[in-house]
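Below is one structure. I have some questions about it.
A, B, C and D are the chain letters, set down in written order, and residue numbers restart from 1 in every chain.
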Amino acid sequence: MKKGRLEAFSDGVLAIIITIMVLELKTPHSADFSALIPLIPVFLSYLISFVYLGIYWNNHHHLINTVERVSGGILWANLHLLFWLSLIPFVTAWMGENHFAPQTLALYGLILLMCAIAYFILQRTIIHQHGNNSTLALALGTDFKGKLSPLLYLIAIPAAFLSEWISGAIYVGVALLWLVPDKRIEKRLKKEE
Amino acid sequence: MKKGRLEAFSDGVLAIIITIMVLELKTPHSADFSALIPLIPVFLSYLISFVYLGIYWNNHHHLINTVERVSGGILWANLHLLFWLSLIPFVTAWMGENHFAPQTLALYGLILLMCAIAYFILQRTIIHQHGNNSTLALALGTDFKGKLSPLLYLIAIPAAFLSEWISGAIYVGVALLWLVPDKRIEKRLKKEE
Amino acid sequence: MKKGRLEAFSDGVLAIIITIMVLELKTPHSADFSALIPLIPVFLSYLISFVYLGIYWNNHHHLINTVERVSGGILWANLHLLFWLSLIPFVTAWMGENHFAPQTLALYGLILLMCAIAYFILQRTIIHQHGNNSTLALALGTDFKGKLSPLLYLIAIPAAFLSEWISGAIYVGVALLWLVPDKRIEKRLKKEE
Amino acid sequence: MKKGRLEAFSDGVLAIIITIMVLELKTPHSADFSALIPLIPVFLSYLISFVYLGIYWNNHHHLINTVERVSGGILWANLHLLFWLSLIPFVTAWMGENHFAPQTLALYGLILLMCAIAYFILQRTIIHQHGNNSTLALALGTDFKGKLSPLLYLIAIPAAFLSEWISGAIYVGVALLWLVPDKRIEKRLKKEE
């Protein structure tokens, strides 16, 4: 039951974060289609952040599935993750409104990096409590994607000042990398049944 | 349980989308009743979108009821639907603020079309996974309404430039068409009991 | 399960409506306490609406408890209620920002009246489906409070143009009348156990 | 089941309150990093309020866990708590935008005090209904932290006018005091199993 409430609260926060971003698509006062053009970068940054938050929701879903006992540590590691995720609407809006300027791409990457670290900490907290032979520990294995992503963000942040395209391509690339749901945990859960 | 979380997250997003739209009814600074007059088109566009989102919530409810196993494909097809639905507040506000100008009616129709396509994809994904003899597949049958609606949107989009009234009438008409909840699935579920 | 989702969605919408109102308390740009004074009527109108929405949530909770089968009719009667409730933040803000001007008090009463009517329709829809000997039908009895409230709103609407105080006193009075949770249903449910 | 809905509604309201605060981080129109500097106090006040709301969510979670029967009194004591918590985004924004001016720190403390009192009332209402030998009553014991916090807020409010640092330090200190989840209730629940 405790676990249910952790999920419900996380779902609530994620649902609001994802929907709040759309408020940045501010209604143009003109009815011309041309009034929509300045909104294109805002829309694109909304799209990429929507995908990222979808990925987090999806993986969070699989992650919490493996939890058996919710401790105070897990609760706070989860809130810590939600804190960094809650900053995504801000960096998304900044990036969109300033047409993917280098500084905004760099800050976007920094927040993605903090989210990745927070997710990693949540994972470690769950494994720490459930043991190295727990479903999650075995399912993660070497956790290749989980280790590659923060590395790629670390490259994308300075790269934004060389070319916005490199940095942007890395963010899209990492999203594509994760778009495939985490089969490792799903497989492991099936094996155990 | 997985299914429960899919529903809870979708409900959260839908509840926020539906309520965020009301923020477009911006408080007039004057206390005169005449200050409310410019809000009438905003109110009307809120009303029609509220009904559309109510219909989606209602049908989504019946649709997910038929799901037995939530796969990654269903999760993403569902997020894809939520993405297009999340754009409804934007097009609603644009349409309301510009007094149902042709361009705004056309874009409104385009987003409704994308929502209908996304809903169709979600349906196909569920059927694909549960088989052609599943509750959903049998309940849908020829899926007349599901095929008619996108067709009508396709007519309404160009029609907006001929007359706002035709386009508007089509949107109201499709809403009325769906206002009756999807009895097909309800009936099928009863039969199987 | 269906019932659970009806509750979850209603809870989500109510939670958002109640919290969206607080956004009207706009941050003053000065740090002086005097900068808070113009916010007092906004705060008071927030307070009364918070209590009203709390009452609706509370009674809705008891009402849905008596539902055994959720039909399409109940779903739509519930959405209809949520629609009118979703307009409360708008009339609250209008009333607060214009220091309880007669027109704003009258519109506030009108929306409260529509909510009361929508609640009544939801009640009738549930009773219609569950029969006149159902828990709800027997619990409601003559439904004195449910019939008195709309009558009082009907008086408060024109009264606002005579004196803001009469109208305001009626809204506070009706809220106090309902602040006591609906013991009738609670008692009836206990009897049946 | 009743209890589930109380939790779900509270979770919804808390999730929205926590996320609404992030809207105060208004997108700067310039893409320079220097444009972020004025946002630092807004960010810091968001951080401290996020932690406070996290603490309330966490403890609320443990508190409601001990509830066996939800009465009207508990429902209203809970709504009363949510009312004061819903004012946190306002005082957070006022404090952040005015760079922790004394008046804003004092009002922040006042709202924290009201939340603490509302939480205390909720606790007493639950204990009153479940008896002095209930899980909660035994778990709380002398409730040292619960009594110390309001006292510290009472000191912090006037202290803000002497030095912003004293007042700020007290708010951070109380947060740290509570960051450790309420082990008392957890332990008591384990003992009873």
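A few remarks follow.
The rule is short, and it goes like this: a residue touches a chain if its C-beta (ideal position, glycine included) is under 8 Å from a C-beta of that chain, and two chains touch if they have at least 3 such contacts.
On a predicted model such as this, the values are computed, not experimentally measured, just so you know.
In the Cα superposition of subunit A onto subunit D, the rotation angle, rounded to steps of 5, is 90 degrees. Mostly differing positions are employed by subunit B and subunit C in their mutual contact, as under half of the interface residue numbers are shared between these two copies.
Put simply, the C-alpha centre of subunit C and that of subunit D have 26 angstrom between them.
Mean C-alpha positions place subunit A and subunit C at a centre distance of 37 Å. Of all residues in subunit D, those touching 2 or more other chains are 8, 12, 15-16, 20, 23, listed in ascending order.
Across the complex, subunit C meets subunit B through its residues 1-2, 5, 8-9, 12-13, 15-17, 20, 23-24, 72, 75-76, 79, 82-83, 86-87, 89-90, 93-94, 97-98, 101-104, 107. Only residues 7-8, 11-12, 14-16, 18-20, 22-23, 25, 27-33, 36, 47, 50, 54, 57-58, 61, 65, 179-181, 183, 186 of subunit D touch subunit A when the two sit together in their complex.
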